[in-house]
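Each structure below is given as C-alpha cells.
Common to both upcoming complexes is chain A, partnered first by chain B, then by chain C.
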Partner chain A sequence: MSHKTAYSCLALIAASLLSTSAFSQPEPIRIGFMTVRSGALAAGGKQMEEGLNYCLQERGGQMAGRKVELITVDTGGQPATTRTRAQELVERSKVHAIIGPLAAFEALAIDDYIKQVGVPVVSPSAAAEDMTQRKPNPWFVRAVGTSAQANHALGEYAAKEMKLKRVATIGDDFAFGHETTAGFQRTFEENGGKVVKKLWPPLNVADYGSFISQLPTDVDAIFASFAGGNGLRFLQQYAEYGSPVKVIAHMTTVDEGILKSMSQEAVGVISSGWYSATQDAPGNKEFAEGMRKAYGADPGYYSVGAYTACAFVDAAAKAVEGKVEDKDAFMKALRSVKLDKGPLGKVSLDEFGNPIMDVTIRKTEMKDSRLQNVVIKTYPAVTQFWTYDQKEFLANPVYTRDYPPAKNLGN
Partner chain B sequence: MRRFIPFMIALGLVALLPLVSPSDFYINLASQAAIAALMALGLNILVGYAGLTSLGHAAFPGIAAYLVAWLSTRGGLGPGPAAVLAVAGTFLVAGLFGLLALRATGLGFVMITMALCQIVWGGAYRWTSLTGGDNGLSGVPRPFGDMLTPTTFLWLCLIVLAVAIIQIGRFAESPLGVALRGTRDQPRRMSALGYDVWRIRFVAWLVAASWGAVAGLLYAWYHQFVSPHMLAVTASAEVLLMVVAGGAGTLAGPLLGAALVVLLKNLASIWIDRWVMLLGATFVFIVLIMPDGLAPGLMHLRERFRKRMASPTIAPPLAGQERIDG
Partner chain C sequence: MAFWASQSLNSLALGGLLFMLAAGFSLIFGLMRVANLAHGALFMLGAYVGLASVQAGLNFWLAALLAALAVGVVGGLIERFLLRRLQGRTLPQVLLTLGLAFIIADACLMVWGGDPMRLPPPEELRGAVRLGDLAFPRYRLFVMGASCAIGIGLWLLIERTRIGAMIRAAVDDMQMARAIGISASALFSAVFCLGAALAGLGGVLGGPILSVYPGLDADMLPLALLVVILGGAGSLLGAFIGAYLIGFVYTFGQALVPDLAYVILFLPMVAVLAIAPNGLFGRRLS
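On to the complex of A and B.
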C-alpha cells in the first residue's frame, strides 16, 4: 500500500468517525426515580409514578432537547434498601439526577451518600423539617413543603378567623405527625389558642376507637394529622362515633389521593396545604384536567410532588442548556429554579432548597358529585419559616412530640 | 485448620472482585453480603448449634449500631473508642437479655427473643430525643478517614468475616461446642451427665450477640445511618431466613444464605419488578427441594452424583441411603 492510499484511508476513517459523532443523537439525560411499589407506602408510590409520567409525557420525553431515560427503582420503604438502590442508580446506571425517595427516613438514609458522590436529588414527598433546616444538604432540593409549612398558616387561621379557643390534636405517631402537629400548635397558641390534649395513635393501629373515645367533646375542634390511608380510616371511624366536634386537618388527612375513597365523613373538614386540585394557580386547571383524563382521579400530594420535582429538573436542565454533565452548574441551576406556572403556581426555592409557595386554607365539599378541597383563603409566598426570623427559628430545636412544649394540656 | 481453606479461597476470590467489577455498585453489594453473613453466622450458633430459634437477633446489630452512631455523632467520641464502647455495651445488654431469654426454650424462646427485640425497637422509635425517632441518626463518621474506599471497606468486612468463620468454626468443634450440640439434642441427658446446660447456652448466646454487635458496627459504618427499621421483626426474620435457607448448623450455610438473600434482594430487583415474589418463590423452592437448606442440600446432591458415577448400574445399598436421610 502506497503512502497516498494509506493517508486517504486514514482520512476516510477519520471522516466517517467525525460524521457519526456529528449525526448521532446526544446521550439521553438519565434520571433515577426512587419509588415504593411494595408495602404500606405503595399507594403513594403509584401516585408519584403517575405524576412523573404525566410530566415526562407533557414534555414529549425530552428535557432541554435531550431525550430522557428514566430508571425506576423500588425501595420497598426500607432505609437500607433505599441506600443500595441509590448506589445502583449512581454507580451502575450513572444517573444525572435522582427524583425520590418517598419517605423522610428513606431520604435521610441516603443523605450522607448523596453528599459524598455529589448527585442532585429532588425530593417529591419527603417533608422532614431538618433536611432543609438544621442539616441542609447542598445536593438536596425539595419539591414539597416541610411538614409544618402549611400548618403554621392553619394555626393562625384557626385562632384568628375561626376564633377557636381550645383544640385537641390527634396525629400519627411518627416524625411527620409530630412535626405537622407541632407547627399547628405553635402558631395556634401564639395567637391565643390552647391545645388541651394531644393523642398519638401508632402508625399501624388497627382501630381508632380507643383513641376517639379519649378525644374530648367539649373542645372547639380536633386537629388531625394523618398520612397515607390513615386519614380515611380515622375520619370514617370518627363519623361512626357521630363526629361530635368539627375537624381541622393537615393536607394529607384529606389528600385527593384518598379523598376519592371517602364520602360524607370528609365533608366540612377545614385543612391547609400547598396544593388542592381546585386551586386557582396559573397552570393548575390544565394540569388537574389532564391528570383526571389520564388517570381518572384528581391529583394529590404525591402526584403533584413528583410532577413538580420533574418540572424542577426540566427547568434546571434548560437553564444549563442541557449540559447536565456539569454537576456543579446543574445543581446551582436546580437550586435557583423558579416556576411561573404549574400545579403550585409560582414557586421558587429558598437558600436551603425548600420551596416558597402559596399556602391555602381549604374546605372539603361535595361538588360535581365528587369530594373537592375548595379554597377559602390563600396565604401568598409562604416559606418554611412562616413569619419567624430564620436565625431564631433555626436556633430552636426541631419540632417533635414535645417541642414546642404544650403548656395548656388538661385546661 | 485445613477445613477452613475452602472458605478462605472463597473469601479471597470475593476480595478480588474490585479488579473485575465495572462499578462500585457490585463491590458495595459484596460488602453488604459480608455484613449479612456475619449476622447470620452469629445467629447460626443459636439456631444451628444450640437449637434455640431466635426471632430477635436484630437486637444485637441494632444496639451496637445505635451505640456507635450516637457515641460518634452526639457523644463526640472518635469512631475507634465509640466502636469499643458499642461492642462492650451490646455485650452487657446481651448478658441481661440472656438472663431473661434463656429461661425459655422452643416456642417460648422464639416469643421472648422477639419481645426483647421489640422493646429495643420501641426505645429506638419512641425515645426521640436520644435516637431521633423514626428519622434515625445520620452522619455516622467512618473510621480510617479517606483510606476507606468501597474496595478497602469490602476488604475490612472480609477480614472480619474470615476471623468470624475461624472463631465460630473452632468454637463449634471445641469441647464446649460439642457440649452445646449435646444440649440441643439431649438437654436432660446432658444435665444428668453433669453439664450445666444453662451456662453452656449462655456462653453460646454471648458469642452470637458479640458477632451480631460487630456486624452492627460495620452496618453503621457502611450505611452511616441507623433507624428503627433495622430493629424491626422483619429484620430479625430476614437473618433467620438466611440461616434456615442456607442450612442451620453448618458453617457454609449462613454464608450461602446471606449471599442469596442480599443478591436476590438487590440484584434481581434491577431486572425484575416483582422481586419480592421471586424471593418468596425461591424460598418455597429451597424448602421443597432442599428442606435442610442450601449447604446440606448441595452436599447431598454431590454425594448422590458421586455414587452414581461410582456404580452407575447397581442401586446404592440401603444402609448408605439410610445414613444420608437420617
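On to the complex of A and C.
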C-alpha cells in the first residue's frame, strides 16, 4: 500500500468516525433568553438570570437528553430593542423557544412578531391580563399569573376573614398597578367591603410624600400595589409618616427580591401571591434552600418566574422526546404542561396558556433574622378567572384604572 | 386645613432637596456655560458612596461628608482632565458630560447591583413629629433646615468672600475678569469641585427619602434642569426660589390634579421662558 492510499484510508476512517459522532450527538436545543441588564429593571433581570441558571444547572445543562444552548440578549427594558432582539434570536440564532421578556410592554412589542414567525415564547414575568384573555396568542405561554390572579383572593380574604370594611388603595399608575388594584377591588366590594379612595402615583415619582398625606387615616387598611423598587420606597416613606394604618399589598410590593433591602417598615404587611420562599409546596423547600446557597438570598417573583419558565420548556421537550424542531407538536406540549413539584408546587395551564396554581395569603415577619413572607392561608388551584364564569369574565372589559367602577369613593 | 398644612410641608421638603441638587448645577452653568448633564449621575454617585459608607459602619453625618468629598474629587478630575481639553466648545462639553452620566450610572450598577437600597436616616431623625392631628417626618424637617443652611452658606461665600467676588466677576464678564488677573483655570476647577460636592451631598441627604436605585440619576436630572431654567442660570437666589417653586408646583399639582401633574410641572417653565427668557433671576449671559 502506498503512502497516498494509506492516508486516504485514514481520512476515510476519520471522516466516518466524525459523522457517526455527529449523528449520536444531536444538535443542542437553542433557547433564547431575553433579560434586562441595564437601567431601572436590571435588578429583576439579574434575578431572572439566577433562576434560569439554577434550573439549567439542576438539569445538568440538558433537556430531554439534548444539550441546551442558552443565547442571552439584553433588551435594556426598551420595547423597540426587544423587538430587534427577538428577531435576532429567531432569524440569526434560530432558537427553538424564547424565555422572556421581563416587562409587559416588552411582551406586547413582540406579540405580533411571534405570531407571525411562530416561535414558542414563555413569559417569566410579564403579567398583562389580556395576553391570556381577550387577545390570546397561540405561541405565548405564561409562567406567572395574571396581574390580578392573586388579588381576587386577597379581596375576599380582606372582607371575609380580616373583616375590613373600608379600604383606600394606592398603586403604580400603569397597567400592572391598575389591573392588580381592580382585581382586589372587585372581590373586596362583592364581599361587602368599600374602596373609598384610589390614588395613582406616577411610576417614576420622586417622592410619595404628597400622596401619603392624601391617604385617609380613618380607614381599616391601605391596599398597596407597587412594582420594582417602588414598594421599598413607599413602605419606607409611609413608615416615616408614622404608618397610621395597616397595609395590605400585592405580592410585588413585598417581594423577596426587595425584602432583603427592607427592615421594620415591612413587618406585618399582609399580601397575596403565588410564591413565597417559605411556602409549603412540594419541591419548594429544596428549591429555596438551593437558591439561597447559590445566590445568598431568598428567591422571589422574577427568579421563580424564570425558573418555572425553564421547567415548562424542559417538560414540553421531554413530552415530545426532544424533537423540538417540530414546532407545532412542541407548542402543543408546552400548552399542556403539568408540573407536580417545584417552587410553585402543582401547576397546570388553562386553555389560554396561563397557570392554574395555589395562591397564598402571607404575612411579612422577621424570622431567623431576615424578613420572610409567612403563609397564613392557601387557596388551592386558583385560575385567572377566580370563581367567575369564564365566558362572563371575558365578556366584561379588561381591568383598568376605572373598571370595575368604584361606586363607594368618598364614603 | 390639615391637607394644606401637610402638603405645604411636603413642598418645602421637596424644595429643599431640589435646591441642593440644583445649586451646584446652577453655579457650574453660570460660570462655565456648561450644562453639566452628569449632575444627576453625580447626585446618585453621592447617594451610593454615602450608602456604602453607612453599610461599612460609618455614622450618617460622616458618610455624608465623605460622599461630598469623594464626589467633589471626581468632579475636579472631570474638569481637569476632560472638560478642560474642550474649553470654549460648548456642544462637545455637553456631550462629554452626557457620556460621563452613562458611564457613572453603569459603573454604579456594576459595583452596587440593580437592587434598590434603603439608606436609613440617622437615628435621632427617625419617626414623625406630631402637631395636632398632623404627622410629619422629622427627617424632612431636617432637610428643609439643611437646605436653608447650605443656601445661606453659599450666599455668604459668593457675596462676602474674595473667591465669591472673583466668581461673580467671571460670571459677568470672563474676559474682563481675566484681564484684571483672575485665574480662570483655578476658578473653574474650584467651582466644578464645589458643584459636584453639593450634588454628592444632596444625594446622601436625599437618600433616606428617595432610596438609592439605578435610574435615580435620570429621575433627578430633569428636575434640576427645570429649577435652573425657571430660576435663571448662574443665580443662587434663582436656584433657591426656583427649587421651592417647583417643590410647591410638583406637590400640589400631584395632589390636586394628579392626571396633569407633569403638565403643571412644566407650565411655569414655559410661562417664564416666554416672559423672561433668562429665568426669574438670571442675568443676561454673554
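Simple rule for what comes next: the second predicted complex is superposed on the first by the 389 of 411 C-alpha atoms of A that agree within 3 Å, B and C clash if a C-alpha of one lies under 4 Å from a C-alpha of the other, contacts with A are read in each partner's own complex, and residues count from 1 in each chain.
Everything that follows uses one rule, which is that contacts are C-beta pairs under 8 Å (C-beta built on N, C-alpha and C of every residue); 3 or more make two chains touch, one makes a residue touch a chain.
Since we're looking at a predicted model, the values are computed, not measured.
**Q** After aligning the two structures on chain A, examine chain B and chain C and state clash or fit.
**A** Chain B and chain C fit side by side in the superposed model.
**Q** For A:S261 in the superposed arrangement: first (chain B), second (chain C), both or neither?
**A** Only chain C; A:S261 stays clear of chain B.
**Q** According to the stated criteria, A:M366 is in contact with first (chain B), second (chain C), both, or neither; which is it?
**A** After superposition on chain A, A:M366 lies in contact with neither partner.
**Q** Contacts for A:Q236 in the overlay, against chain B (first) and chain C (second): which applies, first, second, both or neither?
**A** The answer is second: A:Q236 touches chain C but not chain B.
**Q** After superposition on the shared chain, which partner residues are touched by A:N204: those of chain B (first), chain C (second), both, or neither?
**A** In the superposition, A:N204 touches chain C alone.
**Q** So in the superposed three-chain picture, is A:S38 touching just chain B, just chain C, both, or none of them (first/second/both/neither)?
**A** Both: A:S38 reaches chain B and chain C.
**Q** Taking the superposition on A as described, I'd like to know which of chain B and chain C A:A294 touches: first, second, both or neither.
**A** In the superposition, A:A294 contacts neither chain B nor chain C.
**Q** With the C-alpha centre of chain A at the apex, what angle separates the C-alpha centres of chain B and chain C, reported to the nearest 10°?
**A** Placing chain A at the corner, the angle measures out to 50 degrees.
**Q** Considering only the touch criterion stated at the top, classify A:A381 as touching first (chain B), second (chain C), both, or neither.
**A** The answer is neither, since A:A381 touches no partner chain.
**Q** On the A-aligned overlay, A:L409 touches which partner chain: chain B = first, chain C = second, or both, or neither?
**A** neither
**Q** Pick one for A:T81: touches chain B only (first), chain C only (second), both, or neither.
**A** Once the two structures are laid over each other on A, A:T81 reaches chain B alone.
**Q** I want to verify one number: the closest Cα approach of chain B to chain C after the superposition, in Å.
**A** So the smallest C-alpha gap separating chain B from chain C comes to 5 Å.
**Q** Let me check the overlay on chain A: which residues of chain A are in contact with chain B and also with chain C?
**A** Correct list for chain A: 38.
**Q** Provide the residue numbers of chain A that touch chain C in the complex, in ascending order.
**A** Per the stated touch rule, the residues are 38-46, 199-202, 204-207, 209-211, 213-214, 228-229, 232-233, 236-237, 240-242, 244, 257-258, 260-263.
**Q** Where on chain B is chain A touching in the complex?
**A** 23-25, 28-29, 32, 128-129, 133-136, 138-140, 223-225, 227, 229-230, 265-266, 269-270, 273, 275-276
**Q** With touch defined as at the start, can you tell me which chain A residues reach chain B in the complex?
**A** 37-38, 73-74, 76, 78-81, 83-85, 87-88, 91-92, 94, 104-105, 108-109, 111-113, 128, 130, 135, 174-175, 178, 400-402
**Q** For the complex, which residues does chain C have touching chain A?
**A** Listed in rising order, the residues of chain C that touch chain A are 3, 6-7, 10-11, 13-14, 17, 106, 109, 113-118, 120-121, 126-128, 130, 135-137, 139-140, 208-211, 213-215, 219-220, 223, 250-252, 254-255, 258, 261-262.
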